[in-house]
C-alpha cells in the first residue's frame, strides 16, 4: 500500500495564553494520500488554520506525531515542499504581479532564464497572461487571488496548502476559480489541503472532506466523496451532491451546538 | 391596487471619475411593495450598493425618478423611513451594545424613558437581552451583526435596507441569522431590501429576487419567488428551491459573461 | 519583565564602554597637565586622574551619579540647589505648554477637518511652522509677551513649549477626526444627523485613540521646548537654565547632572502620560481599536 | 491643484498684509518686529551673506548630520532587529536616551568636536538618530504575520526576509521618520551654533544680529530656514511618492 | 513706592552685585522705590526688552548700546558705575603668542552679541583681517564658556578679569602658562556696564526723579559691595535662582569687580565716553558706528542724584 504524504497521529496543540491554555488541536488523526484534495470545514476557531500551519511547519504540535513524506514539517519546508495560499491574496504591493511570482523563485535561487519561463507558464495557468507588469492594486480581487495561487504554483511544490483562498470573492468568481482549481489539480496531480467555510465549495472540490469542531479543536467526521473526478459545475444540482452537502451540514451543526 | 413603497422609474446614476464616467446604474425600473423582502444579487460592481444608497438618499440619481411612499429619498430619510444595516456590523467600539442602539434614538431626540423601553424591546427581538452592557468586541461576530440589526430596528423605520449584512459570517451562523431575520420580518411586516452575494441566501429569504449585471449596472432579471412564506431551513433541499437557485445562477452567469 | 536581563546587560555594556571612553577622552588633558608641570604620569595615575577630573570631556558615570545624588537626595527640595526644585519649575512650564499645545492642536485640527478651506489653508502652514527654528523666535516671544503684559517668564516659556507640542496633537487629531469611514458617516446620515451631531457622536470619539497616542510625543516635545526656552530666554531657573549656568561657569558636572535629571523627568512624564492613555483606553471600552 | 496652492498662499499673503499694516499702524519698533517689507529688503540686500550662512548651516551641518544619523540608525536597527536579546535590551535604553532633551548636548558636542560644522553635524546626528531608529524598527516589525509566514513557507533566510519583505515594508515608516528628522536637523544645526561657531552660519547670524537689533536680518534667516525646511520636507515627500508609490497612502 | 524694573545684561552674578545689594539692604526701599531685577541670558537683548516695555532701565555695554542707537533704538546712558574695563584676551603661552603681532593666522575666541565691537576695532587698529584670510586672524564665536582654550580649539579667548580668566585658572592651568592682553592696556577699552534708559523716559519729570533716586541708591549698593565683598557675594548667591553658582567663585568675582567700580561715583566721565566713541568709529573697514552719536548720554540723572 501507498504511504500517506501527510500523516498526523494524535496531534495536539495547546496555546498558552493570558486567559489560560487554548486547546486548538486535540487528538487529530489524519492520513492524506498523494493526489488527494482534502477540504477542511468547521466553525470559526475549530483549528483549521492551526492544522494547516502545523503541516507547513509554521506551528509546532505540542503532542503527537506529524510527518510529511516521512520528514518533519520543518525539513519538508526547507525542501520547498509547500505552496501556501492565504485567505487574503497577500501580494507585495511594491512588486508587480510577475515580481510577486518571482519572489519564491528568487529565494530558492532558480536560474534567471528558468524564472521567466516559469512565470509565464503559471500566469497562463491561472489565466493572467498579459497582467505580469501590473501592480496588485490594479487588479480585481479575483485576479489578485489567482495571482497568489500562481505564486504558490511557480516553484512546483508537491503540496498545496490553501487557507480560505476564495473567502473574499463573490460567488460567481468563486465558481469560476473552483472550476479552474479542479482542472489545475487534475493536470498537476498535486496534493491539496483546502480550508473553506462554504459547504458547496467543500463538496464540489474534494476527494475527502474533514469536518472539524471547536473547544477543543478536533476532527468530528471524515467523509470520502463518492463524486467522480470529472465535475462540471452542474454536478451541484445532482441528488448525490445535495445528499453529501446535507451530511456535511449536519456534521457542522453538531459541531456548532457542542 | 396598492401603491409601491419604493418606486424606481428608469433610474440612472453616472459617477464622474478621473478615468471617465462610470455607469453605476442605467435604466433601473423596480417596484417594491409594502411587506416585500427583496434581494439584490449580482457580480461585484454591478451597482447593488449604489442602488441601496439611492433609495436611502445617500446618493442622488443623475436621471429617472425614484420615490419612496411618494416622497423623495431625502424627504423620506428626514422622516426616519430607513433602517440601514451595513456589511460589517459597524458598531461604535466606545459604546456598549445598548449605547449603540441608543445612538439613533439620541439623534432623533426620542424621550429618555422611551429610549430604554425601545432598547430593551429590540434587544429581546434579536435575542440579545442581557448583553446591553457589553462592549462590541466582547461579542462574537454573529452577535455583533444582530446588535447592528437591533440598532436599525430601534426607531421603527418602515424600510430596512441591508447591504450584505452577513457577508463576514460563517455559514452556520449565517443560516441561523437568516432564520431569525425571516421570523422578524414575518412579525414586523417591514419592507426589506437585502443585498447578498450568496444565491442560497437570496433564494431562501426573498419574495422577490433582483438579478443585476455590471457595465453598465442594470437589472437583468426580477424573479418572484414561488416559495411559501413559512420556510424551514430544510426547504433548501427541495426541488423548487434548487430550481429557483439554478435560475438565479444562470442569470448571474450571463451577467458575468457580459 | 522579560526584558530585565537584556536591559541590564545592555546598560552594563554601555557603562563599560563609557568608562573606556572616559579614560580615552580625558587622558589628553591629564597628559597636557603633566607636560605643563613637567612630570611623567604612569598608566595607573592616568586612569585614576581621568576618573576624577573637575572638568572632564566625558565624566565617568559614577561622577554623574554622585553629582545627581548630591543635588537631589542630599538637598532639601525647597533649596534652589536641589535638582528636584529646578525640575519642578521645568515641569510646571512643561505642563502649561503641554496644555496650551493640546488645546491649540485640537482646535486647529477641528477647523481643518470640518472645513475644506481650513484644511487647504492651515495644514501647509502647520508644517511650515515646524521648520522655523524656535530659538530664533524665543526672544521675540519673550519681548512680545513682555509688551502685552504677560511678563512672568512662565507664559512665554510655556508658549515656546506649546509651539513644539501642538504639532503632534494636530497631526494625530486630523487623522483621528477623519478616521470614521464612509460607512460610519453614512449610518448617521440615514438617521438625518446634523454636522454637529456627527462631530460629537462619531468624529470626536473615533479620534480618541489617536489623541491619546499623540500625547506621549506631545509631552516630550513640550518638555524639550521648556528646556530650550529656559536655556535661551531666561537663565533664571529650571533644568535648562542650570545646564547653561553649568556650562558657562565651567561646572560641566552640573550640566551633565541636569541633563540626566532632565532625561529622568522626561521618562517619568512619558510613563505618566502612557498610564493616562491606558486608563483612557479602558474607559473608552477597553481593548477596542 | 490651483486650490491646493491658492488657499495657503492666499492665507500667507493675508497674514503678511495684516502684519505690515499692523506694525505700521501701532508704530511697533522695528527692533521688536520688523515689517515684512523690511525683511524682504534685508533678504534682497544680503544675498551673499545668507548664502554663506546657508551653506555653513544647512549643507555642512544639517545635511551631513542627517545622513550620518540616518545611516547609523539604519545600521543599528538592522542589527538590533537580528538579535531579539538586543531588541529587548536596547530598545528601552534607546527610549530613555530619546527622551533626553538633545539640545542640551550641544555645548558638549562643541567641546568634543570643535566649533566648526563637525559639532553641528554631531548634534544633528544624535537628534535624528532616535526618531529614525524607532521608526525603522517599527517599520521592520510592521509586516503582518501572514506575509512573514509566506516567507517561512519558502524557507527564506533572515537576510532574504529582510531585503525582500521587511525592508520594502519599512520604507513608508522610514520616510515618516525622515520627515520629522529634516526639521529636527535644521533646528539642531541652528541651535548648536549658539554654543560656539565660526563667524558664519544661520544660528550665528540669528544670535548676533539679534544682539545688534538688526531684526530684519534675523527674520531673513528665519525665512531662509522655513523655506529650506519646507523644501526639504517637499523633497522627502517627493522621493517618498516615487519610492513608495505602491503604498495606499500614496495612491490617493 | 515707585516701581522700577532693571534688565541685566547677563545672568545673576557678582558683576551686578551693587543692584542686588541695594535691593537686599533696603537702599531702594529707603529711596521709596520698588525695584525688580530681571536677569539676562543668551537670547535676551536688553535693548529689546526696554523697547518692548519689559523694563525701565538696563545694564549694557556702551558699544552695543551705541550700535543699537544707530539702528533706531533711542537709548541713553544715564550713569556709568563701571569706570574700568575688565575685558581681555587670554592666550595659552604654548601657542607661541608673545604679543599682538603674533595673532596672525591664529584662532581667537570672541564674544559676539554686542561684545565683539571693541575686538573688531582693536584688530582694525592692528591692521589684521578678521575674515580668515592669510595673515589675518580666524575668529571663533565663543560660546558661554572657556572650553575652546582648554580644548586648544583657539589660541586665545575673550575673558573678563572677574570671571572667565579665573575659570581657566580653576580648570588647572596656572597663570604662568597664560598670557593676557587687557583691552585697557591695548588702548581699545570701551565702557562696560552702564545704565541706560529710553529717551522718552527723560521727557517725564517724575520719571527723571525716580531714575535719579534709583541711580543714587544703586551707587550706594555698589559702594557697600566694594567694602563688603564677601557679604555682597553671598547676597548675589541668594538671588541666583538656578542654585548653580558657587560661593568661592562669586567672592572672587566681587573682588575683581570692585576694582572696576572703584573709580566711579556713577557719573559718566565724558572723556571716557569720547575715547569709546573714537575707538568704535575707527573700527577698520567695518566700523561699529558710522557717525558721531548725538544725545547718547546725559548727566541729568547723575547730577540730580548727587544733589
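Residue numbering begins at 1 within each chain, and the chains themselves are lettered A, B, C, D and E in the order written.
As a convention for this text, a contact is a pair of C-beta atoms (placed from the backbone, for glycine too) under 8 Å apart; a residue touches a chain by one contact, two chains touch by 3 or more.
Every value quoted in this text rests on a predicted model; they were computed, and no experiment measured them.
Looking at chain C and chain E, the chains in contact with each of them are D. Chain centres were defined as the mean of their Cα atoms; on that basis the chain farthest from chain A turns out to be E. For the pairs C-D and D-E, the larger set of C-beta contacts lies at C-D. On a Cα centroid basis, the chain most remote from chain D in this structure is B.
Centroid to centroid, with C-alpha atoms defining each point, chain C and chain D lie 17 Å apart. With centres taken as mean Cα positions, chain E sits 37 Å from chain D.
Rounded to a whole number, the gap between the C-alpha centres of chain A and chain E is 84 angstrom. Rounded to whole angstrom, the centroid-to-centroid distance between chain B and chain D, based on C-alpha atoms, equals 52 Å. Residues of chain A in contact with two or more other chains: none. Annotation for chain C: residues 57, 135, 139, 143-144, 147, 231-232, 247 touch two or more other chains.
Counting only residues that touch two or more partner chains, chain D has 32, 107, 111, 194-195, 210. The complete set of chain-chain contacts reads A-B, A-D, B-C, C-D, C-E, D-E.
Listed in rising order, the residues of chain B touching chain A in the complex are 43-44, 141, 170-173, 197-199, 237, 242, 246, 252-253, 255-256.
Across the interface of their complex, chain D is touched by residues 2-3, 5-11, 14, 25, 57-58, 117, 120-125, 127-128, 130-137, 139-140, 143-144, 147, 220, 223-224, 227-228, 231-232, 240, 243, 247, 252, 255, 258-259, 262-263, 266-267, 270 of chain C.
Chain A meets chain D in the complex at residues 53, 56-58, 77-80, 82-84, 86, 88, 90, 92-94, 103-104, 106-108, 135, 137, 155, 161. On the side of chain C, the complex with chain B involves touching residues 183-184, 186-193, 197, 201-202, 205-206, 208, 284-289. The touching residues of chain E, counted against chain C in their complex, run 11-12, 39-45, 48-49, 51-54, 94, 143-146, 150-151, 167, 170-174, 177, 240-246, 249.
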